[in-house]
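In this document, chain identifiers A, B and C correspond to the written order of the chains, with residue numbering beginning at 1 in each.
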Amino acid sequence: MQVMTEPSAPPSPNQPYTVNVAMPAAPALPPQAAAEVAFDIKNFSLWYSAHQALHDITIQIPSKRVTAIIGPSGCGKSTFLRALNRMHELSPGVRIAGDLRLYGEDLYSPQIDATLVRRRVGMVFQKSNPFPTMTIAENVLCGLRLNGVRDKQLLRERLEQSLRMSALWDEVKDHLYRPGTSLSGGQQQRLCIARAIAVRPEVLLLDEPCSALDPIATAKVEELIHELKRDYTIVIVTHNMQQAARVSDRTAFFYMGKLIEYAETRTIFMNPANPQTEAYVSGRFG
Amino acid sequence: MSATTTVPWLQAAPPGHAWRMFKSRAMGGIMLASSIAVMAPLFLVLYFLIHEGASSIDWHFFTRLPRPPGEAGGGMANAIVGSLELLGMAAVLGVPVGVFGGIYLAEYGRDRTNSWIRFAADVLNGIPSIVWGMVVYLLLVVPFKTFSAYAGGVALGIMMIPLVMRTTEEMLLLVPQGYREAALALGIARWKIVMVIVVRAAMKGIITGILVALARVAGETAPLLFTALGNSFWNRNLAEPISAVPLQIFAYAISPYDDWHRQAWAGALVLLSMILTLNIFVRIISRDRKFT
Amino acid sequence: MSTVPPALAAAQFAPPRRWPDISFRWLAFLAACTIVALIVLVGWELYHGAQLAVKKFGFSFLGSSIWDPVADKYGAWPFIYGTLMTSLIALLLAVPLGVGTALFLTEVAPLRLRQPVIMIVEMLAAVPSVIFGLWGIFVLIPWLRDNLFVWLKHGLGFLPLFQGPIYGVSVLAAGIIVAIMILPIITSVSREILRSVPNLQREAAYALGATHWEVIRIAVLSYARRGVFGAAVLGLGRALGETMAVTMVIGNRPEVSSSLFAPGYTLASVIANEFTEATTDVYLAALFELGLVLLAVTILVNVIAQLMLRTLAGGGTGKVN
């Protein structure tokens, strides 16, 4: 098997930033139309020891779009999100079944190491978690450095690009060498987003990213999501239905570990097909 | 829609990936090796204690007094009894002071004073035990012009105080606040609440704390070197020197006589067995500590 | 309908008397204060006992290498040197092994392995110093003299550290034994520190595509480094005061040598060895002064360790002993 080493065009023709020659790049994917499928999931189930948390999920998540996952507490939405980048392997006793593919590749194939998956599928957590012993710059560039990128020029460029894309550049450009934790809550979360996108993943998973933020910071992050979807496939879990309505293109409603309904966001909120969905979005439960 | 290359796109690892994975596994191996290195000394010590000492443990060992070098058949009877007496005296000093101190910290103390006292207790724990020997020497040996069991007991007792205080405090803090509140609401006097209700609820934990402290001072030699001094005969009077197992082990070990060396091993085996048994016993009890 | 007579009712609900409460509380307070009193007592008594030597030798005591009971002239330097060397060797050996084991227990080991390993480490902590000394004299020293020291001299003999005659009893042997004795405290305190690192930090590193070791390096060790350092300082405090095992394997010779194979002497072990044989008052006072130095250094190191462990990156554990 031969490994592609020449630089390749990034997946989308809309990519405004060019990939530097030195950066280890993924092999070329055929140029895709905007409605391409990113995640193709069939009959996916997950068990925590004896308890089944996800039942037979079948869903196709589109590329370069924002997909929201909503549902009441305990419905499995975070569990599902973490399955998309194999974060469950950190907990003992987790078992999965079914087919989960990203751009055609089986994520759970035994030949694929989980660290490779997580390089391609980034995640931002509910509570911001910048590394406290690293500066802002070090936080953002952490992922790149792990992958062996040493070129100072590239690192500097990527640092600025990522912070600009997270709408944080202007606020921190004079303080890049302050610790990551010296920022406010909303800024820390945007820092985590910058850290996640600095490695240019294919997909960005957001697990209730605004739940610990005030409304102004939340608005900034939501604005960010609109910008980011030009270049990244985004899956966002949220318990805030208005937020889902504001930011997403498609929405999936989960309940008790099952996918109840999945459609265009407008349809889910205005005209849901399933009575359970209707009950949830109109606030009758959850 | 799959990639047109021969390698699935996801598996195209960046250069250096294989090295990173190898490094990760290697470090895991190093950590495992560290753990083995840390566990090994216990087994090595136990092995030699048993190998060298087990054969010397017999009825004589427990019942006879030491014999001069050259005469076989001596034992450590006086040392064993002496250790028990010293531990008893240490407990008389260490237990009440430690337990009441712990009661103060848990039930009455204010946060600031408490954190200073705890800090001091931790520092006290770190003072080398030989220093206590010197202090008690000045306090109890010099004025009375004699080494004594009392001095040894006091030295060990002082060492017990911070240990017992901390464990008592910990155990008392585990008692749910609800017990105290219910009793207060019934109009019971504060001191009764503490002694009768809270302490009783934490009793098992407090006792295990005392046992652990006793096990710790049972093996101490340094503070006894110039307080209890050691004795080749029975101690008839607590105001005179007394023997103790660790002291005897030390004296025998540094002597040039093979017979004494054998007895040192035997004494060490007996001492360590008792300490380890106590520790295991404490662990088993602590496992089923419950508060309803 | 019977009602309780008013007098009886009043007596039943009379407020509890104050003095048992007050005296109980004072009793407890006094007990707690003994801690502080003991620290003051230790310092005072040692200072008092050392007076003769302090007056006679002054500060030069600390730098002098003379230890001559016949001429009644004493100096602390060989013992300070021996204590420092022994403790340094012990730290160099015990900190990597202890932290490595702590990492193994918190990050790598399968759950079922953890409790047995922890139990064995705790049992190691319970072994008395004199028993390590006994084992040291008859097992470790012969092996070192015939094996390890010979290899070291053969392979690294170009360093002054590994030159000179090999007796077996030596500063290096003492360092090794003390390392074994401080392993449990370094391991268990480090383990507490590492366990307090929030999982969210680890997940952040994993989500970037880091390998297991990289996660440990970036998210756990960096976060916990101040605490781990505090654990090491705590181990140092323990190492400084070790007496029995050291005095049984170090050779008890008040000399300063560049060779690790040379016998030496530490503050604690000279006191243990020569206290009951101190013939003159000055001799005894000199030993007290050594004790004072030992006390001062140990308290200082312990205070530093406690301060480090109490002020951690994300809060800390209250109990550290």
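Basically, a contact is a pair of C-beta atoms (placed from the backbone, for glycine too) under 8 Å apart; a residue touches a chain by one contact, two chains touch by 3 or more.
This structure is a prediction, so every number in the text was calculated from the model and none was measured.
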{"item": "Intersection of contact partners for subunit A and subunit B", "value": "C"}
{"item": "Contact-richer chain pair (by C-beta pairs counted) among B-C and A-C", "value": "B-C"}
{"item": "Reference subunit B; chain at largest CA-centroid distance", "value": "A"}
{"item": "Centre-most chain, if every chain is reduced to its averaged C-alpha atoms", "value": "C"}
{"item": "Length of the line joining the C-alpha centres of subunit A and subunit B, rounded to whole Å", "value": "52"}
{"item": "Where subunit B and subunit C are represented by their mean Cα positions, the distance between them in whole Å", "value": "14"}
{"item": "Separation of subunit A from subunit C, taking each centre as the mean of its C-alpha atoms, in whole Å", "value": "48"}
{"item": "Subunit C residues counted as touching two or more neighbouring chains", "value": "211, 214"}
{"item": "Multi-chain contact residues (two or more partners), subunit B", "value": "20-21"}
{"item": "Subunit A: positions in contact with at least two other chains", "value": "115-117, 119-120, 146-147"}
{"item": "Of subunit B, residues touching subunit A in the complex", "value": "1-17, 20-21"}
{"item": "Residues of subunit C that touch subunit B when the two form their complex", "value": "13, 16-17, 20-21, 24-25, 27-36, 38-39, 41-42, 45-46, 48-49, 96-98, 100-101, 103-105, 107-109, 117, 119-124, 126-135, 137-139, 180, 183, 187, 211-214, 216, 234, 237-238, 240-244, 248, 268, 271-272, 275-276, 287-288, 291, 294-295, 298-299, 301-303, 305-306, 310, 318-321"}
{"item": "Subunit A - residues contacting subunit B, complex", "value": "1-4, 24, 26-30, 32, 36-37, 102-105, 107, 111-113, 115-117, 119-120, 146-148"}
{"item": "Residues of subunit A touching subunit C in the complex", "value": "85, 87, 90, 92, 115-120, 122-123, 125, 127, 129-134, 142-143, 146-147, 192, 195-196, 199"}
{"item": "Complex contact set, residues of subunit C against subunit A", "value": "111, 198, 200-211, 214, 218-219, 222-223, 225, 313-314"}
